[in-house]
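Across the two complexes that follow, chain A remains constant while its partner is chain B and subsequently chain C.
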Partner chain A sequence: MNNKVLKAEKVVAGYRDKEILHGVNVTVPRGKISVILGSNGSGKSTLLKTFCRLLQPSSGSIKLGEQSLSHIPTRQIAQNIGLLPQSTTVPEGIKVSELVSRGRFPYRKLMAPLNAKDYEVVEEVMKFMGILELSDARINQLSGGQRQRVFIALALAQQTDILFLDEPTTYLDISYQVEILELLKKLNEERGTTIVMVLHDINLSSRYADHIFAMKNGNLMYQGAPEKIITQEVIREIYGLESFIIEDPVSHSPFVIPKAAAV
Partner chain B sequence: MTTNRDKRYKRSVHNRVLLLMLLAGVLLLLVSIVLSITYGAKQVELTDVISALFGKKQTTYNVNVVRARIPRTVFGILAGAALSMSGVLMQSITRNPIADPSILGVNTGASLFVVIGISLFHIQSKPVYMLLAFAGALVTAFFVYRIASFGYGGVTPIKLALAGAAVSTALSSMVSALVMPDTSVMTTFRFWQVGSIGGADFEDIRLLLSPMLLGFVLCFFLATKLNTLALGDETACALGLNVNRIRGIAALIGVLLCACTTALAGPIGFIGLMIPHLIRSFIGDNHEVLLPMSALYGSGVLILSDLIGRILGSPGELESGVMTALIGVPCFVFIIRKAEVQSIG
Partner chain C sequence: MKNRVQIENLERKRKYKYDVSVMLLILAVLIIINMTLGSKNFSPTEVISVLFGKDVPGGTYIIGKLRFPRTIAAIICGYAFGIAGNTFQKLLGNPLASPDIIGVSTGSAAAAVFGILVLHANRGVVSIMAIVAGLVTVLVIYLIAYKDGYSTVRVILTGIGVQAFLSACISWMLLRAAEYDVPAAMRWMAGNLNEVTMDYLWLVGLVIGVVSCVIAVLSEVQKILELGEQHALILGVKVGTARVLLLACSVVMLAVATAVSGPISSIAFLSGPIAGGICGKNRSNTLASGIVGAILVIGADFIGQNLLPTRYPVGVVSGVLGAPYLLYLLIRLNKGDHV
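Here is the complex of A and B:
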C-alpha cells in the first residue's frame, strides 16, 4: 500500500444540484505538508471531503495509485487515508485512551477485543502527541488544545500514510495553533506522513506548508511552494485583497500584511 | 515501571466498577425473578412455589397461581432486555440521548393497526392483535425511515427524529379519531394500550422468541461499529464505517426488538429510555458493555415494576406500563439533575 500517489482527476463534486468543484486536478505531493487555501466558498473543504470520500464526485475520480477510491474496500482506504474533520463528536463519559483506541477500528476483526498490537499503537501515538499522562482523563476535562491533540491521536492510531485535516486550528488560541502545527510538522518530518490540510491563516500556511494549493470558485488556480504562491498578485486574485508581502522573521517565509479589500 | 503499575491499577479500578455493576445487575435480576414468582395479588406459601417449580404432579390452587406467574416473568426478562437494547440502538443512531425505542413511531404504528383491527374488523383475538401490532410497528418504522432518507445527505440523526415525531403525532390523532366515537372500541383498546406483560403465555413467547434472540445476537455484532458511529458521521466514515448501512441495520434491529415486545404487551414506556441512560452515566458510551448491561438491568427493572404493580393494585393489578413510568420518572429526574451538576462542575 505504501508509496501510492493520491490524486484527483477532473473531479466535479458538490451538494445536491449545486456544483462546487468544476473539474479539479490535484496530485497530493507524497511526504509533504500541503495546505489548501482559498476564500470562503472556493471549494477547499469540498475538495478535502471528496478526497476523504465523504462526498462522491459526480464525475471524474479520486485515485489511490492506479485504483479509483470507489473500487477499494472502505476499510482498506481507512488504513491508508486518515481524516480529522472540522467538527468532532465526543461520546459521553469515555476516557482519552478509550477514545484514541477507536482509531483502531479499520484493523479490528468482528467481535474481537483490542489486541496487544492495538494497545501498543494507542500508547505510542498518545506518547507522540504528548497526551500519555491524560490517558485516564475524560474528554470534557481537557483544554481546547489538548482535545485537538486527542483527536489527532485518534487519527494517528489509524496508522495511515496520508492524513487530511479540515481546519485543525480553528477555535484554538494562537499558542495552541502553533503547538498543533508544530506537532504536525514533527509527524511529517519523523514519519514521512503526507499531510494535507485546509487552513484559514495564510501566514501560518506559508510557514508550515511545503506546497500550497490556491483555489477560487471551485477551480485550482495556482499550486507550488509558498514563496511562489504567496505573492501580491495571487493574494489579490484569490482573496480580492491588496497586500504587502514581507519576510516572516522566524521562518523566512512570505508574510502577508493586508491593506484593504478591493471593492 | 511505575507508570505500568499505575495503568494496571487504573484499569483494574475501571474493571471493578464493571464487575460491581455486573454483580448488582445479576443480583437484581435473580431477586426480582424470585419475587415475581413468589409475590403477587394472591399470597402463596414458599412450599407452593417449590412444588410449582420442581414437583410435577401437584395441582393445588396455589401451585397453579405460581405456575401462572412463570410465563409473565419469562416474558418480562425478554421484554426488558429487548426494550433496553432497542433504546441503546435508537439513542445511537439518532445521536439523541433522550430517544427511546418508539422514536421511529413503532408504538403508535402498532396502536393504529390494532385499533383498525378492533374498530373496523371487530377482531377479538389476541394472536391477531399481536400480528397487527407487529405489522403496524414495522410498516410505520419503514415509512419513517423512508421519509427521513429523502433530501440531501441521506438519513441523518436529526431527520430521523423529526420524521419519527411527525409520523407519531399524525398516527396518534388517527388512533384517537377511531377510538373516541366508540366506547366498545375504547374498552377493548385501552387494555392493550397501557402495556402489560401479564397477558403473556408460553404460546405467545414461543412465537416471539426467535426474532427476539436474533435481535439480541445481532446487537452484539454491532457494538464495535456503534462505538465508531458515536464519533460522528465524518470520523466514522474516515475510519472505514459504512455509516448509512450501519444506521439502517441498527434501526432495523431496534425496531424488531421493540415491535416484538409491543406486539405482545402493548407499548411499555420508559424502560428503553431510562435504562440505557442510567447505565451510560455509570460506564460511559461504550456499546460493547452498554448493550449487555442495559439488557440485564432492563430485565430486572421491568420484572420488578410488574411485581410492584401487582402488589399495589391488589386484588387486581396495575399494568407494568403504568409502573415503569411511575418508577421511571423520579429516577429520570434524578439522573437529569445529576447530569446538570456534572456539566456545571
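Here is the complex of A and C:
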C-alpha cells in the first residue's frame, strides 16, 4: 500500500457549454468508505468522473500525493485508481474469467501473455467476489447481481488502493444491493481499500459509509460522519425534503423517513 | 501449480490454435485446387516443377504467369480485407461497421479509378492515392457523423451514404472514360484478379504483412477498447491514439489490397463474423479473420472462373455471398434490436 492521498483542489469541471462543478475541494479519506450524496444534477457523478480522469477539470486540479493527475502516466494512474462505471459494455461472447483478466492490463507488457502473478490475482479476486464457480460462464447468462460482482472483480484485479463506484447498486434488487455493499465493506475492512461511491439510497449510504460528502448545485455543502450529516436540516437543504430521522435498528445509523416533498 | 483460470485459458488457446490449423488446412487445399484445376488441368508434380523453374509444355505460362500470381494475390488481398474488416467491426462494435459497407473501400477505389482514367498514373501512384483516399474517407465519415461524441449507428448510416455517393462517382468516371480504358477500370466496381503480375505483389505482401503484425501486437489493446471508452481509459489505454492507430493500419491494408484487386465485395464484411462464429467472438480473431478472408477470395475466384457458365470477376461471386447476411443485419437493425 502506498500512502498517496487523492484530493480535488478548487476543481471546476463540466461539459462543453455547461459548468457543473464550481470549485470543489475534496480530500478523499484514506482507508475509509465515502459516499457522495446529492440530488440529480448536483454534480456527484461529475465529481467522480473528474477524480478518475474521465473528465478534465477546466481549472483547479486533482492530485495524487503531490502530483497532479495530468502529469502522471495513465498506466501508473491505472495502478492506483479503479472505477466501476455506471454503465458497462460487455464484449460479445466474453467469459467471466476473461473479463476479469482484463483488469490486469495496466500491469502487462505489450504482447506478453498473462503471467503466473496475473492468474493468481484473477483467481483470488474471483474467489473474493464469490464468482470463481462462474469463471467459464458467459456474462450474458448471469443475473444482474452476479454481473455486477464480475465487474467489481475486474476493478479489483487492477489492484488499486482507491476504488470508485458510480451507482453500483442501481437496477439491482434490494437483496443484491445489500450483498454488493457487504462485499465492498469486507473489501475495505480486510484490505484497507479506500472506497468512494455515488449512491442514491440515503439509508444504505448512512449504514455503510464512514464519511459522507453532501453536494448541491455543483458545490460541496457538508462532509463528515453519517451521524453528523444525516439530519433533518441537511436533508431539507440538499434534497428539499422534510423528514423524520430515526435510528436504523440494525446498524444504529441515522435512518431517513420522508414526509411529503415541499411542493 | 496451475490455477483454474489458467487452465481454462490454456484450454481456450489450445482450441484457437486447433481452429486456426484447420482453417490453414482448408486454405492449403484450396490453393492446390486453384493451382492444378482450371481450363487445363495439371498434376501437383507439374505445378511444383513449374514453380521451381522447370519448363512444362503448356504449363509454364498458365501456371507461372497466370495461376500463381492470381493465387498469391487472392491470399494477400483476402487476408488484408479480412483483418481490416474485423478490426473495424470490433473497434466500432458492430458487424455493419465494415469498411466495404461504410464506403472506405469505395473511397480507395474511386481514387484509383481517378488515377487510372484521368491522370493515367502508374501503379505505385495509384496505390498511394488509394491509401490517402481511404484515410480521407474515414475522416470525412467521422466528421459528418460527429455530434457531441460519436455513435456507431450514426457512423454506419453516414458511411452507407458516403458509399453510395462514391459508387456513383466511380460509375460516372467509367461512363466518361475512353473506351479502351474501361476494362482496366471495371475491376474497381466489384473487384477482379485478372492481369495481376508478380512484379509488385512481393512489395504489397510485405506491406500488408508488416501492418498486420502491428494490428496483432495491439490486439490486447483492441480487447480493452471493446469494454467502451470509459473503461479503457480507466485501465490506462490512451483511447484516442489506440483507436486512430488501429483504424489507420486497417485502412492502409485495405487500400493497398484494393489497389491490387479492386474492392472485392463482402470479404471485409464477412470474414470477422465467420471467424468469430468458428473461434468464438470473445477473441480479437485478427489472424483467423485474415485466413477466412483468404479462403473466401480464393474460393470465390475459383467458382467465378471455373464453375459458372461464364467467367465472372471474383467480386461478383463474393458479393452474392455477402448480400443475404447484409439483409439479415439490416432487418435486425430495423427491428431495433442491438446488432
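Going forward, the second predicted complex is superposed on the first by the 262 of 263 C-alpha atoms of A that agree within 3 Å, B and C clash if a C-alpha of one lies under 4 Å from a C-alpha of the other, contacts with A are read in each partner's own complex, and residues count from 1 in each chain.
Quick note on the criterion: a contact is a pair of C-beta atoms (placed from the backbone, for glycine too) under 8 Å apart; a residue touches a chain by one contact, two chains touch by 3 or more.
Computed from a predicted model, the values in this text were never measured in an experiment.
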When chain B and chain C are modelled together on chain A, clash or fit: clash
Is A:120 touching the first partner chain B, the second partner chain C, both, or neither of them? second
According to the stated criteria, A:7 is in contact with first (chain B), second (chain C), both, or neither; which is it? neither
One more residue to check, A:30. First (chain B), second (chain C), both or neither? neither
A:103 contacts which: chain B (first), chain C (second), both, neither? both
According to the stated criteria, A:83 is in contact with first (chain B), second (chain C), both, or neither; which is it? both
Do chain B and chain C land on any of the same chain A residues, and which? 16, 52-54, 74-79, 81-83, 85, 88-89, 91-95, 98, 102-103, 105-106, 108, 110-111, 135-136, 158
How about chain A: which of its residues touch chain C in the complex? 16, 52-54, 74-79, 81-83, 85, 88-89, 91-95, 97-98, 100-103, 105-106, 108, 110-111, 114, 116, 119-120, 122-123, 126, 132, 135-136, 158
Chain B residues within the chain A interface of the complex: 7, 10, 14, 95, 97, 152, 220-221, 224, 227-228, 230-232, 234-235, 237-242, 280-281, 283-286, 288
Enumerate the contact residues on chain C facing chain A in the complex. 2-6, 8-9, 12, 93, 148, 217-218, 220, 223-224, 226-228, 230-231, 233-238, 276, 280-282
Spell out the part of chain A that touches chain B in their complex, as residue ranges. 15-16, 52-54, 74-79, 81-83, 85, 87-89, 91-95, 98-99, 102-103, 105-106, 108, 110-111, 113, 135-136, 154-155, 158
